[in-house]
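Two complexes are shown next, each including chain A; its partner changes from chain B in the first to chain C in the second.
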Partner chain A sequence: MRLSFRDKAISGLLTVVPANERKFVDEMANFNFSQARSLKLKQVMGYDRHRIVAGPVCASDLAVAGIEHLLAGGHLVRDDIDALIVVTQSPDYLMPATSHVVQGRLGLHADMICLDINQGCAGFIVGLMQGFMLLDQPAVAKVVLVNVDVLSRKVSPRDRNSYPLIGDAASITVLERREDAGVIEAELKMDGTRRETLMIPAGGFRRPSDAETAAMIEDAEGNVRSLDHLKMDGSAVFNFVMTEVPELIGGLLARTGTTVDEVDAFLCHQPNRFMLQKLADKLAVPHEKMPSNVVENFGNSSGVTIPLVTTFNLADALLAGSRKVCLAGFGVGLTWGAMLMRLGPLRFCEMIEYREDV
Partner chain B sequence: MDEFLTEMSEILEDDVTMSDALGQFESWDSLASLSVMAMADSRFGVRLVPQELNPAMTLDQLYALILAKKAS
Partner chain C sequence: MSTVVEILTQIRPEFDFSQSSDFFEDGMLDSFDLVTLVSELDKAYGISIDGLQIVPENFQNVAAIEALLSRNGVVP
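Moving on to the complex of A and B:
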């Protein structure tokens, strides 16, 4: 579906990563694979270290820490927040919504909208869409978009498919109206028939968690996980990304009359370095224009990866000026979306650490 | 075919011949399968699905499959 937004902009980006860092080489012994095959995996996929919470840290903990940092730094004023969107697949509770939890913990005023969205790796694009739509309301001048996940708590440490790449993180994105912002063009698609490609089978109402869903089972590949754990069909995800995403981005560029040359950076979701390089090759995008260094440094934190790749690689450039960027997210649902915009100059573009010991 | 053999040798981390079966290599796993899919896509413009690759398949059969898909 084609979407376009006028006179709206991202005015600042903050990412929050847990201080706790784990190294792939230290975790290899957990997998039922030879050291040689694990090292091959590390080399091909670009795994090295990832940031995951050590204790029972929840989505709202990372979100509150990020927003408090912005309030303390004067980048955000408490009473200016008209809407708070939280995009997460790891909510604090089944009910109430995590956005209400964050609002309550921060003591924000009641004359605002709190909204949760259940989206993963395309969650930044979907969150932006929702935020920009809210900005069509005259009463909404400032939207705080939170993307947050602590999915490491739902991945089996003995699952070589998912554990080496998982990361926890939050991002806080401030959205505002800006008259000179121009047009943001986007494309968004969804396919629920492929809903089982990435899923946590148990723990919802369809299959409540019990002793049986907690049982650890070894699959044909030697990965050990339970029905309470996140399960990813890696080959299906790879095929999905290679088939749908080049068409999506190519189509968006074509219909807006934009060449690859005119785009300064392709800021994509970060599944792993391997897939991103294949994606860049398919689109004839030079690798340096599509940064792929998030998984090796922080892990894949689903909807937070686009803000992470941005704050990690482009902070100085976006504080000083603006860049023409193509954002793309793709994953659970399945959902895939891309957005073309001029990003910056931002009021803040920063990464902070979340410490569990204070 | 030389290019195919070179690529397969790299993926399977061993010397390969066209009569070898994928499953006889110690390195044949989901990562190798993914690498074959990626190689078919980037070198031959052919999209394979995981179900099309099985351990009993010989390199000959894999190459024929890629060529058949490329022609269609």
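Moving on to the complex of A and C:
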């Protein structure tokens, strides 16, 4: 689906990563691999270290810490927030919504909209879409978009498909109207027939968690996980990304008459280094224009990876000026979307750590 | 030993790759080895194998890999 947004802009970006860092070399013994094979994978996929919560940290904890940091720094004023969108697949509760939890913990006023969206690796694109649509309402002048996941708590430490690359993080993105912002063009697609490609099979109403769903089972590739854990069909995900995403980004560029040269940075979701480099090659995008260093430094934190790749690689440039960027997210649902915009200058663009011992 | 067999042997030294007609069926390679193999072939031949060509059929034996390399314009 083609979408366009006029005179809307991202005015600031903050990412929050847990201070707790785990190293792949320390976790290799958990996986059914020889050391030599693990080290080869480390090189190819970019497995190195990841930031994951150590204790029972919830999505709202990271979100509240991030918003409080912005309030304390004067980047946000409580009463100015007209809408709070929380995009997560790891909500604090089945009910109420995590956006209400965050609103209540921060003591925000009631004359606002709180909205949860269940999206993952394309969640930044979907969240932006929702936020920009809310800004069409005259009463909504400022939207706070939170992307947050603590999915490490739902990944088996003995699942070599997912555990070495999983990361936890939150991002706080402030969206506003801006008269000189021009047009943001986007494409978004969804396919629920492939919903089982990435899923947590148990724990919802279809299959409530019980002793049976908690049983650890080894699959054909030697991964050990239960039905309560996240399950990813790695080959299907790879095939999905290689088939759909080049067409998505290529189509968006063609439709807007934009060449690869005219785009300063392709800020994509960060599944792993190998997949991103293959994606860049397929689109004839130079590797340096499509940064792929999030998994090796922080892990894959689903919907937070686009803000994370931005704050990690482009903070100085986006505080000083603007860049033409192509954002692309792809994952659970399945969902895939891309956005072409001029990003910056931003009022804030930084990364902070969340310390569990404070 | 051909370059392809040499690369395969570096990845899984415990197997004799010249003797199998289906590495995946025979349990000699899995999906993670496939990723490593593609990366090593890209490096060795200075190419980038297209993501859509990264399917088990193209890597199930030495002949299939060599045919894929030929389709990518290199002499195995």
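FYI, the second predicted complex is superposed on the first by the 358 of 358 C-alpha atoms of A that agree within 3 Å, B and C clash if a C-alpha of one lies under 4 Å from a C-alpha of the other, contacts with A are read in each partner's own complex, and residues count from 1 in each chain.
Here is the rule we use: a residue touches a chain if its C-beta (ideal position, glycine included) is under 8 Å from a C-beta of that chain, and two chains touch if they have at least 3 such contacts.
What you are looking at is a predicted structure, and each value in this text was computed from that prediction instead of being measured.
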Which of chain B and chain C A:L279 touches, first, second, both or neither: second
Touched partner set for A:R37, first chain B, second chain C, both or neither: both
Partner chain in contact with A:A236 - chain B first, chain C second, else both or neither: first
Partner chain(s) touched by A:E221 [first = chain B, second = chain C, both, neither]: both
Common ground on chain A, meaning residues reached by chain C in one complex and by chain B in the other: 33, 37, 40-41, 44, 221, 234-235, 238-239, 242-243, 274, 278, 281-282
Chain B contact footprint on chain A (complex, rising order): 33-34, 37, 40-41, 44, 161, 221, 234-236, 238-239, 242-243, 274, 278, 281-282
Complex contact set, residues of chain C against chain A: 11-12, 30-33, 35-36, 38-39, 48, 50-52, 54-55
Residue ranges of chain A touching chain C (in the complex, touch as defined): 33, 37, 40-41, 43-45, 160, 221, 234-235, 238-239, 241-243, 274-275, 277-279, 281-282
Of chain B, residues touching chain A in the complex: 13, 26-27, 29-31, 33-35, 37-38, 41-42, 47, 49-50
